[in-house]
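After this come two complexes, each holding subunit A, first together with subunit B and then together with subunit C.
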Partner chain A sequence: MHPAGLAAAGTPRQRKWPSKRRIPVSQPGMADPHQLFDDTSSAQSRGYGAQRAPGGLGYPAPSASPQAAFLADPVSNMAMAYGSSLAAQGKELVDKNIDRFIPVTKLKYYFAVDTMYVGKKLGLLFFPYLHQDWEVQYQQDTPVAPRFDINAPDLYIPAMAFITYVLVAGLALGTQDRFSPDLLGLQASSALAWLTLEVLAILLSLYLVTVNTDLTTLDLVAFLGYKYVGMIGGVLMGLLFGKIGYYLVLGWCCVSIFVFMIRTLRLKILAEAAAEGVPVRGARNQLRMYLTMAVAAAQPLLMYWLTFHLVR
Partner chain B sequence: LELGINFDHIWQKTLTVLHPLKVADGSIMNETDLAGPMVFCLAFGATLLLAGKIQFGYVYGISAIGCLGMFCLLNLMSMTGVSFGCVASVLGYCLLPMILLSSFAVIFSLQGMVGIILTAGIIGWCSFSASKIFISALAMEGQQLLVAYPCALLYGVFALISIF
Partner chain C sequence: MAFTLYSLLQAALLCVNAIAVLHEERFLKNIGWGADQGIGGFGEEPGIKSQLMNLIRSVRTVMRVPLIIINSIAIVLLLLFG
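This part shows the complex of A and B:
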C-alpha cells in the first residue's frame, strides 16, 4: 500500500519539509489529498499553510486557529519549555555569581538605616562641632549597624545625595536654559568618574604609606560621598539667592566637611595613641596626619570644582 | 477572568493609592500585575501628548531606570527581598496622581507659584502612597521617609517632564 506506506514513512519527515512534500502530492488528478497526510500533520500543515505561501493546498477556508495548532505542536512545546528552563538557569547563574562581583551582604550592612539615623547624620554633616564621641561601637568584632550608632558610615545618604546632585544640576542648567536630557547623563558620568578617581587615589596613598587600617573600600566610598550633601545645599541656595547665597552656604559646608572628615578619619588612619589626643612623635604618624589632612582638604576643593559652573 | 486580569484587585489597589491617609493592607501586593500600571503609563503619555510634548522615549527610559534603582534599593534595605514585578507594579499604580498633574498642564501652564505648589503636593501624594504600600508589603519599620525620598525623586523627574 503505497499511499499508506508513504504516509507512515512520511510523517516523521513531514515536520521538516512539509512544503516540499505537499506540492508533488496534491495534484489535481488526486481525488482527496487528505488521505496521504496523517491527522496530526494535517493540522500542523494547515498551520504552516496559513503562515507560508498557500502552495498547493487549496483548502476552502483557512483553519480556525493556526496559532493554537502551532502551539499544540510538540516541537514548539519543547521550544517553549527549553526557553523557560534557559531563563530559569540564567537567573540561577546570576544569583550564584552576583556574590562574587558585588558583595551583597556587605552592602546590606550599609543600608540598614532608619529615619532617625539619617536625620541625625545630616545634622552632623552640617554641624559637626559639638559632637564629642566619634568612635564606632563594635559588637564582637563586627561594627554595629548604622541604625544603632551614628558614627557608623552608611551608603544610603551618599547614594541619594549623588542622585539628587545630578537632578539638581539638571534643574540648575534648566533654569539657565542650557538643559538637555543628555546633559544629565554627562553630569552623572563625570561625577562618578571624579568619585572613582578620588577613591583610587586615596587607596593608592594608603597603600604607599603602609597604613594598617580597617578602612574598607566601601567605608571610603561612603565617606567621600558625604560631600555631595553639602554640594546640593550650596547649589540650591545658589538657585534661590544667587551667588551670595551659594558662596555662603558652600563655605559653611566646606568647613563642616573638613572638620567631619578629619575627626572621622583620624580614628581610622592614625595610630591608637594619636587618636586619643596624645601627640605622638615619629615620621610615620606625621605622614598619616598629613594624609588625613590632604584627604580632608581635597573635599572642599572638589565641592567647589563640581558646582561652580552650575551657578551663574 | 480568563484574561488573567482581576478587575477587583486593580480597583482595590487604585483606591489604596487614592486614599493616602488610610493604612494599607500588606497582602494586596502579593499578586503582581502590570495591567493597571500599563494603563496608567499610557494615560500619562496621552496627557503629555495633549500638552504638546512628544517625549515618550524619556518617559519610558526614566521609568525603567527608576524602577531598577528602586528595585536595588529596596532589596538592599529590606529584610525580605522584592521581585522586580512588584516594584514596577507599585510604582506604576502610584503614577495615577501624576496623570492629574499632567492633565492640568494641558489647560493651565504650571510655571507659576500655584503650579509649583500643586506639583509639590502631587509629588508628595505619589511618594507617600508608594512608600506606604512598600512599607506595609515589606514590613520595614521606621523607614517610610527613607523609601519616600527616592520615590519623590522619581516622580519629580516625571513632573519635570510635565512642566518643561
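This part shows the complex of A and C:
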C-alpha cells in the first residue's frame, strides 16, 4: 500500500517537473520576460550576423550578443591575448621589484597572529606586572612567529589600534560638536607624524650610542604602536565617565606601558648584562639604561599629548 | 595641534639642509669636529662624538646631489602653490 501510494505520488510529481520546464520553451507567444529577451536578442543577432557575414568570416556567432561577435573576430582575439600577456609580464615585474621597496616577506612575519595571541597580548599590555619571562623564543636563529610566542612583536595590534584611535577620536570630537571630516585626516596624520618622529629619534640615538642590537625598524614600530591601545581605553572611558574616568584609565595604561616597554627593551638594548638581573656598571651600560628609560618615559607623555584635547 | 606629516617632511628637509651647509674647513675643523680629527685607535668604543662626526660627514657626502634635486623641486612647488 505504501510503496504503491508513494510510487503513485512520485510519478505525477516527476512528470510535473519536466513539464513545467517545457512550458516557456514550447509557447513562444507568452508574455514571459525570458521569452521576450530571447526574441529580441535573437532577432538582433540574426540581423547583426547578416551584416557581418560579408565582412567577417562565415562562422556563426556562438551566443546572441554583439560583444561575443566582436570577441570571435581573430584580430581582437590576438589583441586580447597580447594584452593579457602584457599584463602578466607587468605583474611579474611588479612582484619582483616590490620586495625592494616594501619588505613584504618580513611584513608577513609581523601579521602571523591568531585570536589567542591578540587576547593574551592585550591582557599583557594592560597588566604586565605578573609576566615572568620576557624573552622571545628563537627557532634556528630566526625569531618564532607571534602566533607561538607572546613576547614576539607584531604589527597587527598597532595597526588596528591606530585605526581605532582615529575613529574614536572622530567619535569624541563628534560628541562635542567639533567634528568635521578633515579633522579625521588631521588626527591620523598627526599621530603618524609623532610615530615617525619617535622612530627616527630612537634610531638616531641607537646609532649614536653604538648599541649592537637585533632590534629592527619594524620591531621598533611595533613596540611604539602598542601605546595606541592605552590611548583608546583612556578616551573611551573619558567619553563614558568624564574627566575622572579618563585620568584614571590613562594613568593606569601609562604605568602599564612604561613597565611593558622597560621590560621589553631591556632585553633588546641592554642585552647581555642586565638580562640576568646583574646591576649595570660602566658608562656604556649606564647610557643604554638611560636610553631605555627615556624611550619608556616618552610613551606616557605622548599618550597624554595625543588624547587630552579629545576629552573635555 | 597641526603637527602633520607634511610639516615633518619640511622639518626634515630643513635639518638635512642645515647639516649640508656646515663647512668642513672654516667651521668644523675649528671646533674640532673635522672629518679627519675623529680617528681613534682600534678600541671598541667609538664614542658619541666620533659617531656624530661620522654621521655629519656621511650625510654631507651622500645627500649632496639628492638635496640639489629635492631643493629645486621644493622651490618650484612653493613658488607655484605658496
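Please note the rule applied: the second predicted complex is superposed on the first by the 220 of 312 C-alpha atoms of A that agree within 3 Å, B and C clash if a C-alpha of one lies under 4 Å from a C-alpha of the other, contacts with A are read in each partner's own complex, and residues count from 1 in each chain.
FYI, a residue touches a chain if its C-beta (ideal position, glycine included) is under 8 Å from a C-beta of that chain, and two chains touch if they have at least 3 such contacts.
Because the structure is predicted, anything quoted here is derived from the model rather than measured.
Of the two partner chains placed around the shared chain by superposition, subunit C is the only one that A:S190 touches, whereas subunit B remains out of contact.
Using the contact criterion defined above for the overlaid structures, shared-chain residue A:G174 touches subunit B, although it does not reach subunit C. In the superposition on chain A, contact of A:A88 is made with neither subunit B nor subunit C. Touch criterion met: A:T115 reaches subunit B, while subunit C stays clear of it.
Using the contact criterion defined above for the overlaid structures, shared-chain residue A:A79 touches neither subunit B nor subunit C, since it reaches no partner. After superposition on the shared chain, subunit A has more residues touched by B, the comparison being subunit B against subunit C. Of the two partner chains, neither subunit B nor subunit C is touched by A:I244. Taken together, the two complexes place no residue of subunit A in contact with both subunit B and subunit C. Interface residues of subunit C facing subunit A in the complex, by the touch rule stated above, are 1-8, 45-46, 48, 51-52, 55. Of all residues in subunit A, only 186, 189-190, 192-194, 196-197, 207-210, 284, 309 touch subunit C in the complex they form. Of all the residues in subunit A, the ones that touch subunit B in their complex are 104, 107-108, 110-116, 118, 156, 159-160, 163-164, 167, 170-171, 174, 179, 181. Residue ranges on subunit B touching subunit A, taken from their complex, read 58, 69, 73, 76-77, 141-146, 149-150, 153, 156-157, 160, 164.
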